[in-house]
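Here come two complexes built around subunit A, the first alongside subunit B, the second alongside subunit C.
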Partner chain A sequence: MLIYVARRLVVLLPTALGVLVLAFVILRIIPGDPVSLLVGEGAPPEHAARMRRQLGLDQPVHVQFVRFAAAALRLDLGRSLNSNNPVTEEIFSRYPHTLELVGAATVIAVAAGTAAGAVSAVRAGTAAESVVMILALVGLCTPHFWLGLMLIVLFAIKLNWFPVAGVGGVAYLVLPALTLSTSFLGIMARQTRSAVLDVLAEDYVRTARAKGLAEWTVVSRHALRNALIPVVTIMGLQVGRLLGGSVVTEVVFNRPGLGRLVVQAVGQRDYPVVQGVVFFVALTVLLINLVVDVSYGLINPRVRYA
Partner chain B sequence: MRARHSPRRVLTALLGPAVLSLVVSGMLPLAHSAPATSPASAPSGQRIPHLTIAIGSGVENLDLPHTATVRNVAVANLVTEELFRINPKTGDLLPGLVESWELSADGLTYTLRLRRGVKFHDGTPFNAESVKFNILRFIAPETRARFGWLLAEVKDVEAADEHTVRITLKQPYAPFLANLNYRTGMGSPTQMRRLGRDYARHPIGTGPFRFVEFKKDAHVRLEANRDYWGGRPTADRVTLLLVAEEATRVALLEAGQADIIVEFPPVDRQRLERDARFRVEMSPSTSVTVIDLNTQWGPLRDRRVRQALNHAVNRQEILTHVMLGAALEAKSVITPGVFGYAPQQGYAHDPNRARQLLVEAGQGNGFAFKVTYRPGRYLNDAQLLETVQGYLSRVGVKMELNPMEGAAYNKAIEAPFEQNRTQAALIGRGAGTLDGDLTISRFHSKRWPPATTFVTFYKNGRVDSLIEEQGRVRDPRRRFAILAEIQRLLMWDAVWIYLVNPSHLVAAKRQIQGFEMFPNEKFLLHQVTLAR
Partner chain C sequence: MSVSSAAAALPAPAHRPWRMLWLRFARYRAAQVGLAVTALLIAAAVVGPWLMRHDPLAVNPVKRLLPPSREHVLGTDELGRDLLTRLVYGARISLRLGFISVGIALLLGLPAGLASGYYRGWVDLFFMRAVEVIQCLPPLLLAIVVVSVIGTGLVNAMIAVGISQAPTFARLIRGQVLVVREMDYVEAARAVGARDALLMRRHILPNCLAPLIVQATLQVATALLTAASLGFLGLGAQPPDPEWGAMLSRARQFLRTAPMVATYPGLAILVTVLGLNLVGDGLRDALDPRLKR
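Entry: the complex of A and B
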């Protein structure tokens, strides 16, 4: 398995590089000129031209890429056009906040989602199942924007339990993590439910019951564990989605996160920042996928890595 | 100016008894004796240990050449001040770090006499050399100041003596001091030499507040500069929360986690006004939201058609129902509080007159045109356009909406005339320098896109020469008269569908006073107190 992981890691870099090339090229294909956004409306054309030259944006795309890649090898991703700060600094000042938020949301979604899914599968056909599934659907459909504001009104303004917005201790994390977790939670619940339902119909579950195991043991040891593979796959995909998709939650709760950074940077055509974020998020997603693939083997020993 | 848009001081004189819990901190109320430097504006309330104010996003860098938005400039200026103060009602310059100034007879040399005894936060004396250092740094190409072009006319800066600076221009340029004051600030040369490119991490100025911490997209923390030349600031510590979402700013105020919030949705205004804990103030902004009409395109070439479009629109209804009262009618290409502002009679809502003008112009059967815009860029922009669409359809004109993504939109409207397909564009214009020249000079026929975003493609020889003249004249009164005449001509030629001048909305805890907001989004915090 170590060989498998090593091989995957070797493939990982070229993949991230491919993503980076794509981002680099796409950014320059879509209309919009970073320099005109930079120097403001009404700047004399000479000023804009000088700025373009100084930033190297007057060069052909392949020349720009070679320069960028050469600098990137020295771990220099350039400076943000918009803030003039080093891109690595812009990213690393935000990455912890995003990871913290996505991590907390994932814990909530996975814990509550799989539990709810398992319960509704085991209690299939009862009112409990309907309630859980309706809640899951509501979670799936509730816009983060609206939910975030409602949570603020209730828990921060009316009850004063949590701060409205910002980053700091755990108290600052609760409401945004709840907000971000809802759709993920809904998906986890529904996936777990259908996976567990499938497994419960298997012969070995009947065997387990037949040999007199307690229902709890049947569900947790035999059913849930076998049902986890599709669930873990979905989880990996969802975490990747949240890394880039947390922007709405970040805006509502005023968290300085990666999602906000990249949305702003795209709007400003802040090429170096977009490239940097894309690279780091791609790397993270690839790593998560690797972890997911490796975990298959831990969940189900029959999975072999070749 | 209307009463409700009243004065310069956004949150001044106070109603109601204030509940003060700050006595605990052992702080004595400030004496009534004002600092010798600004006798007219002595703070009258109680000191604040920690002031929290939530503003919008856009604060990117606290080193002035690299600031992004005007809000960013405003925050940077709290630490590294501009040279002049500003009269928020007229846009006139007032003494600040520069105590007095004069312009030579040939209109080329400005002599600035600096306030004496001022020191940067690191102890470096503020003098002519430091002013020279900051200006030259701002215009040096290697600094890559985004708005370096504002000072493009500077030929030479010279420290005549310890407290006198002489700035010589390449040619007379009347709005120069306004440009100089807009995006510059005086930083400590010692600190800049010491930190070089990293100066932005720890800016040092002469301002009322010293820099403590800047966390992007989160907050800026400052502390009082006790030796401030304008008197010790009344707040010991200040936290500026950088909050992108307006609704979140309102929530921060309602939860008691912010003392002041700057800009919030007009729909929340009434609710906050009715709440005894808060007060709300509106003040004029420098921006106008208008529809640029391409005066070189199809039916819009005819002035009567453009006038008809202006007559078709009911601005009062827009103010009440779309802007919910948080705006004024746009009565010129510039706005109250900007030097040169001369409100025009404008076009009354008169659909019959509009139809008649269209018939005279040979467009009695109506026509269609397309307006390009960036959804969400301006307050209520979609509703604004839909409303205008309704008015125009009543006089037989079909206005189609053409939404575009921001940067793509810029690219489209900045295309040179031959390639530019823009027929009309919804856009916000504003003279952030607080001098009308910034907006008005862009109507010059030599400044069509790509030099500007003015897709009016306006060509009027008389306006061109008046624009050139106002840039040269030395006498402000004469200059004002010329600027007024240009505004009259631009109104008569109906270069825009004139719409609204959105107001700044500020809300604060009721006992907060002394927050001063300027039309261009800059603000002063050093005299914010709690009412007794």
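Entry: the complex of A and C
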């Protein structure tokens, strides 16, 4: 098991290096001279020269990259051009808000999605199945930013059940997490349904039924557990997408997370921050993929870590 | 996964493949609804603007945030512009965003996937590593990063969304090509002396089309959503353009007094994306008869 994890980590290395290159490239492919863009036109030349030195742009490209990579490994991603704080600091102060949101949305989507999917598979051909599948599709197609605004109008402005925006206790988390969870929930419901349908046709399910187990036990113990294996793959992919969706959700609900940070940074042309967010989000996605790979074995004893 | 054989497995008579496809497609009620919705929206986008009596950009402060009336069927926005007119013009912008973005994604992803699957070896290694790295970023974030480099605006939004979708197509086509290139008819064509370019164009690519068409339809919906998100964030289409996402972002400030202004553009996006998804699902079922649903 440990050897397997170690091997997966080694396989990840080239991709992680690629992520570094991607983050590095951003600052270098801006059309025109990034320095004059950053210091503003008509700035004194010594000002521009200092900025150039500060960003290391006076060095050959390969030297620049090695320096950038070495610094990134020490979690030094330069300073924000806007606040002049270290980029890592800016990111670490925002990331918890984003992770909290993504975590809550994942819990909602996985719990409700697998339950709805399993129900619609077991009740295949009934109205319940149709309703679940239609809702799942609508969930998939609803723009997060619009749903968020509609939830605010209904539950925050009209009914006054939840705060309109901001961060704080659980009350502040409910509407954004619901908003963000919808597309993931829809996908989970659809995938779980088709996976359970497949598994219900298997011999071992017939065996379980034949030996007289209660239908509930057959579904929960035999069908659902096996059906979850392909679903876990989807989950890994989707959590990454949630990180993207959280950008919009954070803007709607004024949550000071990573998404709002990157939107502000793009608006202010604060490239080191954009670079930093790219680096950390990509790293997070890589780690999630690793966790998904390893967790196969935990739910599927047929996977051997050879 | 060998969807590639799907096209080959179609029992359709070779001379009427489109009719067969249509008959299969028409079996699904949901797909028909989706097609009707999509056709209606495209019609609205093409001819709608000529039927509108108002100018989508004409500002009239006296008429701001009016409720629906005979003159303004859906009311007016915060600058007194007719909402229905703006929505109809918005259909034109949003659909164009969706389709052109996917066109750009295909332009980038198709050659990469084709080369990867056909030549394999280091070409494959290079492209697939690149795809893997790019896919570490969620598509919306990738689009935002691209916008941060090339700037905001309608055209740049198309490019950004196109780039964010290209990896999906590259992967899909590569997988298809890897299967199709081993087929006997490809072998036969190579044996009679067909060169690489001809093999790819005439024998391999056409047999990868079925899953590609399905995916492209679904991706138009995703592209439209991503582009609208960019518009909402202020990084895509810019005001006063009546792009649905940008309209929502303005309407947000009047959520308390005029929530309906924010409701319509979102509904428009939802209906469009829903229609395209239904068409995509229907196409998948029609093109791959072995799929059990």
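One rule holds for everything that comes next: the second predicted complex is superposed on the first by the 254 of 306 C-alpha atoms of A that agree within 3 Å, B and C clash if a C-alpha of one lies under 4 Å from a C-alpha of the other, contacts with A are read in each partner's own complex, and residues count from 1 in each chain.
Note that in this section a residue touches a chain if its C-beta (ideal position, glycine included) is under 8 Å from a C-beta of that chain, and two chains touch if they have at least 3 such contacts.
Keep in mind the model is a prediction, meaning the values are calculated, not measured.
Novice: Taking the superposition as given, does A:Asn254 touch the first partner, subunit B, the second, subunit C, both, or neither?
Specialist: First partner only, subunit B.
Novice: With the two complexes superposed on chain A, say which partner A:Cys141 touches: subunit B (first), subunit C (second), both, or neither.
Specialist: Only subunit C; A:Cys141 stays clear of subunit B.
Novice: Should A:Val285 be classified as contacting the first partner (subunit B), the second (subunit C), both, or neither?
Specialist: In the superposed model, A:Val285 contacts subunit C only, not subunit B.
Novice: Regarding the shared-chain residue A:Gln54, is it in contact with subunit B (first), subunit C (second), both, or neither?
Specialist: first
Novice: Once the shared chain is lined up, is A:Val263 touching subunit B (first), subunit C (second), both, or neither of them?
Specialist: So A:Val263 only meets subunit C here.
Novice: Report for A:Gly169: first if it touches subunit B alone, second if subunit C alone, otherwise both or neither.
Specialist: neither
Novice: Contact-wise, after the overlay, does A:Val153 reach subunit B, subunit C, both or neither (first, second, both, neither)?
Specialist: Touch status of A:Val153: both partners.
Novice: For A:Gly212, is the partner it touches subunit B (first), subunit C (second), both, or none of the two (neither)?
Specialist: Neither subunit B nor subunit C is touched by A:Gly212.
Novice: With both complexes overlaid on chain A, does A:Gly240 touch subunit B (first), subunit C (second), both or neither?
Specialist: second
Novice: Please write out, lowest number first, the residues of subunit A touched by both subunit B and subunit C across the two complexes.
Specialist: Correct list for subunit A: 30-31, 149, 152-153, 157, 251-252, 267, 269.
Novice: Going by the contact rule set out above, which residues of subunit B touch subunit A in the complex?
Specialist: 57, 60-61, 63, 66, 68, 141, 144, 146-149, 152, 200, 215-219, 241-245, 247-248, 251-252, 254-255, 257, 405-408, 410-412, 414, 438, 442, 447, 450-453
Novice: Taking the touch rule as given, give the residues of subunit A at its contact with subunit B in the complex, in rising order.
Specialist: Residues 30-34, 36-45, 47, 50-51, 54-55, 80, 82-85, 90, 93-94, 149, 152-153, 156-157, 160, 163-167, 251-257, 260-261, 264, 267-269 of subunit A touch subunit B in their complex.
Novice: If you look only at subunit A, which of its residues touch subunit C in the complex?
Specialist: 14-15, 18-19, 21-22, 26, 29-31, 137-138, 140-147, 149-150, 152-153, 157, 194, 197, 240-245, 247-248, 251-252, 262-263, 265-267, 269, 271, 274, 277-278, 281-283, 285-286
Novice: So in the complex, the part of subunit C that touches subunit A is made up of which residues?
Specialist: Its residues touching subunit A are 129-130, 132-134, 136-141, 144-145, 147-150, 221, 225, 228-229, 232-235, 245, 248-249, 251-252, 255-256, 259, 262-263, 265-267, 269-270, 273-274, 277-278, 292-293.
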